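There are two complexes below, and they share chain A, which is joined by chain B in the first and by chain C in the second.
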Partner chain A sequence: MSDIDEKDIHSFVDAVSAYFYQTTGEKAEIRSAYLVESGVSATTFELIGHISLSGSFSGRVYFSASRGMVRHLLLMMKELNHTEEHLLDTVGEVANTIAGNARQHFGDTMEISVPVVTATTHENWLNTVVSPRSYVILIKWKQYKASVVVDIQRIAK
Partner chain B sequence: MKLLIVDDSKIIRSRVARTLNHPKLDFVQVIGMAQNGVEAIDLFLKHMPELVTMDITMPEMDGVACTEKMIQINPDCNILVISALSDKATALKTLKKGARGFLYKPFSDDELVVAFLELTAS
Partner chain C sequence: MVKHRHSIFAKYRTIILAVILFVVADSLVISINFYGTFKANESAVSINLSGRQRMLSQRTTKVLLLLQRSLETGDEAEVARDLKELDLVVNLFDSTLKGFRDGDTVTGGDGNKVFLTQVDTDISRDLVAKTYVIWEPYLDKLRPLLGGNRNFSPAQVEAAVSFARDNNLEILRLMNDLTSDLELVANTRAHFLRVILILGVFVALGNFAYTVVVSIRDLMRSDEQITKAQEETTEILSTVHEGLFLLNKDGTLGTQFSASLPKMLRRNISPGMNFIAVLREMVPQNVFDAATDYIELLLGDRVKESLVTSLNPLTNVPITTTDQAGATQQSYLTFFFNRAIMDGQISHLLVTVQDVTEQVSLMQRLEQAKKQSKTEVEAFLRLLGNDFGALQQFLANVDQELAQINKELSQDDHRHQHTLNNILRIVHGIKGEAAVLGVDVLEAYAHECEKEMIAIRESGDEVTGDHMLRITVLLEGFYERYSSLSEIIARFGEVLGNKGTQIEQAVKTPRIASQIASLAQRIAKDQNKEVEIFCKLEMLETLPGRISQDLQGISIQLVRNALTHGIETPAERAMAHKPEKGKLHLWCERLDNTHYDFVVRDDGRGIVPERLRAHFVKNGQMSQEEAAGLSDHEIVSQLFLPGVSTATTANRDAGHGIGLDVVVEKIKNFNGHLQIKSHADLFTEFHIRFEITV
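So, the complex of A and B:
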C-alpha cells in the first residue's frame, strides 16, 4: 500500500506536464488522478516503461502509452526511426525522466534504476503488477491517452 | 571539436546528434556514442574527445563514476551532464567530479544548442 500524499503525487503530475511541454511545446492535459481500489483499475496501454526505486523508497513508477502516441512524440522530436525498439526506448525514457524529476521533491535518497520496458496486449497488465492503492495519473495529449502509475512506499527508518 | 555522446537511451543519443545540425554547431563532430560508462571510457581513450554529453543513470558504470574517470584521463575535457535527476545534490556531485555543465531532462532543442554553445565558449 502506498503511503505517499497529495503533495508527493503533485510532484509526478508536474514532472509529466513538464515532459510533454518541454519535449513537444504542447501541454498535456491531466485528466484525473485516482487510487487503484476494488473495481477501479490502473489503465494499461500497449507500451510500458518502469523505473524501480531504492534507497529511502521502494516500489516502481510506470509510464504506459499507445504506439500511436509514442510515434507522434517521436515525430515531435524529429526522430524518424519508429521501430519497436525505439518506441520501447521512448516509454522507458519518459518513465526515467518523470521519476528523475520527482527527486527534486523527494530528494537524492530516492535512488532510481535504469528503465525496464514491456509491450503487452493484456489490457489489465498493470493491475497484475501494481500494489493495491497505487496512484494513477491519466494524461491526454492531442487525441491520445497515457497513464502514469505511482506505486511507491517510504522505507521506515 | 570531437564529441562523445553517452546515454543509455537511443532516442536521446539520436536527439543530441541531430542537434549538431544546427548551423552554430557545425564545428562539433560526433566521434562516437556509448550506452553505458564502460563503453564510454573505451571510446574516450580511443578518440580523446574534447566534448562529452553524459547521462547519469546508466547500467554497468553510471555517469558520476564515468565523469570522474574521464577527468582523471583528461582534466581539460568539457563534460555536459544531461540527466533527469533534477535534485541539486546530483548536479553538485557531478560538477565536483569535473563536469562543466548540467542540463536537465526534459529539454528543448534550443536549450541543448545553448548548453553546447556555453560549454564550448568556456
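So, the complex of A and C:
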C-alpha cells in the first residue's frame, strides 16, 4: 500500500466531505485514521457502498455508514423516502461521488466500476473482505460516524 | 542568396514584365511621335515654301511688267528697284525649286536658312519636273535681266514678259498642285501619327489593365497563402503541447507563441514581453546568470550551436506555484534554444519549452530507488555484523511497537494530542533501538516520522483527524520498511538455519553493553565530544524479557541525553579544569532477592535548576514569574514532560523533548522509582530502583 500517497487517499475522503457539504451545507471531517492489522478491524456500519478500481491501481474503496446517519442525511436533503432501498441508493451516490473524484484525481489511466451497495449486520464485514494494511478513515458528520476504507494497490508496469 | 534572389524575381515576375512592356511601348510611341513631329516640321517647311513659290511666280510676272513700264517711262530709279526685286524673286524661286528637286538649304520665309527636303512622292516629283520644263526656258529669258546688268535690250525684256504672260498661270497651277500634294503628304503623316498615338495609348492602357489584374490576382493569391499560412501557424501554436516562441535579440518575445506557453510558465504572457525578466522570476540567480550567458552565446556567431547545446542551464528547471487553496505544486521545464537564420544572419532564437515533470519525477524515483536499494544493501551488510538473534528480537519488538501505534490510532477517543505523544514515544524508542543495532533504515525513517510529528505538535494548532491520517500514512511507510527488513532477516535466518528459538538467546546475549558503547561513541563523534564508557550490565541478562527490554530502551535514551546535554565538549571541559574525555557509567545490580538498581551517571555539566529556569524563560516556555514560582524539584520535573528539551538545536539524537518522556513511560511499565542526583558541573545520575517478585 505504500505506493498510495496521502493525496490519493485524500481524494477519496474529500469526495465524501464534498458530498455532505453540497447536500447539507455541513462538511464531514476526518475523525481518525488507522490501518487494518491483526487485532485492529476495519470499522463497519450497516450500509456499505463500494467502487472497484483497475488500471494503474487495483482494488476497492468502501464507504460505510449507519442507517441513522443516512436517514439524517436524507432529512437534511428534504427527502422523505427512507426505505431500505433508498438508503442504499444514497450510500451508492456517495460511492459514486468517490468514483467521480477518483477519475479526476487519477486521470484516464484508472478504470472505475459503478457503485455496488450492500447492507450488513456483521460488524466486522469489511474486515473479512479488505486486505491487511488497508487504510481506514473514520469520518464524522454531526454526531454520526462513517468510514472510508481504501484497499488499493498500484499495478506495476 | 542566389536562391533568395531567384525567389524574389519569381514573386515579382508579373510586375517586372509589365514594367518592361510599359517602357518598350512608351519608348516606341515616343520615338514614332518624335519622328512624326520631325516629319511634320519638314512638311510644314515644304508646304510653306511651295506656297511661297506660287507667290514668287506671280511676283516675277508682276516685276517684269513693272520693269517694262519703268523702261518706257525712263524712270531709272524705278528700273533699278525693279531689277533688284526681279533678281531676288527669281533667285528665291530657282533655289527653292532646286531644293524641292534635290533637297537643299534654302532661305526660309523668315529670311533664315532652312533645309528643304527633296519631294518624295511621284506626283510632287512629276510636278517639279514639269515646272522645270517651263522654268528653265523662262530662266534663260530672264538671265539677261539679272545680276544688276543694264545691258539688256527692250526685245529681251519683251521676250521675258511675253514668256511670263504665256506660262505664268501654268507655273502657278503647278506650284498650287505641288502645295496640295505636299499638304496631302503632311495630312497622311499626321493621320499615321494619330493612329500610332492612339495605339500607344491603348497599349499603355492595356498594359496598365494587365498589370492591375495580374497584380491583384497575385496579391489575392499571396494574401490567400499568407492567410492559410497564418491559420496553419495558429492551429499549430494552439495545438502543440510544447511552449514555442521566437526570442528576439533584445530578449523580448516574438508576436506569436503557442497557447500552452502561459500554462507551462504558470504566468500571463504577452507579445513583446521581456523573456529575460520572466526568467529572472523563475530561476535562481546562478541559473539565471548562466542562462543569460548561454542566450548571449547563441545570439552571437562566434560558436557553433551544436557545440554549446550541452551548456544549456535551463534543463529540468523547477517551477513552484501555489494554487488558490495554498497548496504548492512543483513542475519541471526544459528550454531548448535553436538559432533562426535569415539571409545568413542569426535573426532570432526559436525557444521550445517542454514539461519534463514526469521524466524528472521518474528519474527522482529511480534515483530514490537506487539510493534505497544501496541503503538496504549497506544496511544488510551492517546487519551481518550484528548478533542475529538480537536483530530478530528487535524486529519482533518493532512489530509489536507498530501494532501498538496502530492501536493508538484506532482508539476513537478523539484525544489526538495524547495519541500523538504516545506514538512519538514509541517511535523514539524504535529509533533508539535501531540506532543501537545500526539498523539505519529504520532509525532514519523513525527520525523522519519523529520530525513530522514534532512539527505537528509544535505548530500550536489543534491536532486533528487530518493529522491522524498523515501519521497513518507514516505508519504504513514504517510497515513497508519493516516488512522489507524482516524479509531480509528471514532469508538470512534460513541461510544460517536459525529458527525462532534464537529470540530467547538474543535477550540473554551480553552484547547490549558493547552496543550501547558503540552508540555512545557514535553520538559523541557526531557532537565532537569524547567519552569513556563503563558498562556493567550483565544483570540485564537475568531479568525478565520485558523489563530487560525496557531497561535497554532507558539506557539508550539516557546515554543520548548524557552525551547531548551532560557531557561537555573537550574545550569546555578543559576550561572547567576537567579531563577532556568525559565519563559515562551504566550499571545494573541486585540489592537483595527482589530489589534492583539501574544507574546511568555522567560527569558532565549536571542538571542545574537555575539554568533550567533561565532556559525556559529565554525560550518562552514559561514567564519569569512562573519559573521563579516553581521549586527546584518542580522545575526539574518539567524535563519529563512531552516536548520539553534544553537543547538549543534538535538533531537525530536529542532536542525533541521525547527521551525523558519515554524513560518515564518505560519505568512505569515495571513500577520502577526514579531518583535524579546532580551537582552543577560535576555529575548527573539517573537512579532507577525496581522490584521483581516471582
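Annotations for the structure displayed:
Definition applied: the second predicted complex is superposed on the first by the 154 of 157 C-alpha atoms of A that agree within 3 Å, B and C clash if a C-alpha of one lies under 4 Å from a C-alpha of the other, contacts with A are read in each partner's own complex, and residues count from 1 in each chain.
Basically, a residue touches a chain if its C-beta (ideal position, glycine included) is under 8 Å from a C-beta of that chain, and two chains touch if they have at least 3 such contacts.
These numbers were taken from a predicted model, which means no experiment stands behind them.
On the superposed chain A, the positions of chain B and chain C stay apart, so the two partners fit side by side.
Put simply, the three-chain overlay gives an angle of 70° at chain A, taking C-alpha centres for chain B and chain C and rounding to the nearest 10.
When the shared chain is aligned, chain B comes close enough to touch A:S113, but chain C does not. Once the two complexes are laid over each other on the shared chain, residue contacts for A:G25 go to chain B alone; chain C is not touched.
Contact with neither chain B nor chain C is seen for A:G59 once the two complexes are overlaid on the shared chain.
In the superposed model, A:G49 lies in contact with neither chain B nor chain C. Contacts of A:D89 after superposition: chain B is touched, whereas chain C is not reached.
Measuring only between alpha carbons, the smallest separation of chain B from chain C in this overlay is 15 Å. In the superposition on the C-alpha atoms of chain A, no part of chain A is touched by chain B in one complex and by chain C in the other. Against chain B, the residues of chain A that register as touching in their complex are 18-19, 22-23, 25, 74, 77-79, 81, 85-86, 89-90, 92-93, 96-101, 103-104, 107-108, 112-115.
The touching residues of chain C, when paired with chain A in their complex, are 403, 406-407, 409-412, 414, 416, 464-466, 468-473, 475-477, 479-480. By the touch criterion given at the top, residues 1-2, 5-6, 9-10, 13, 29-35, 37-40, 43, 133, 135-138, 140, 145 of chain A touch chain C in their complex. Remark: chain B residues 8-12, 14-15, 18, 57-59, 83-87, 89-90, 104-109, 111 touch chain A in the complex.
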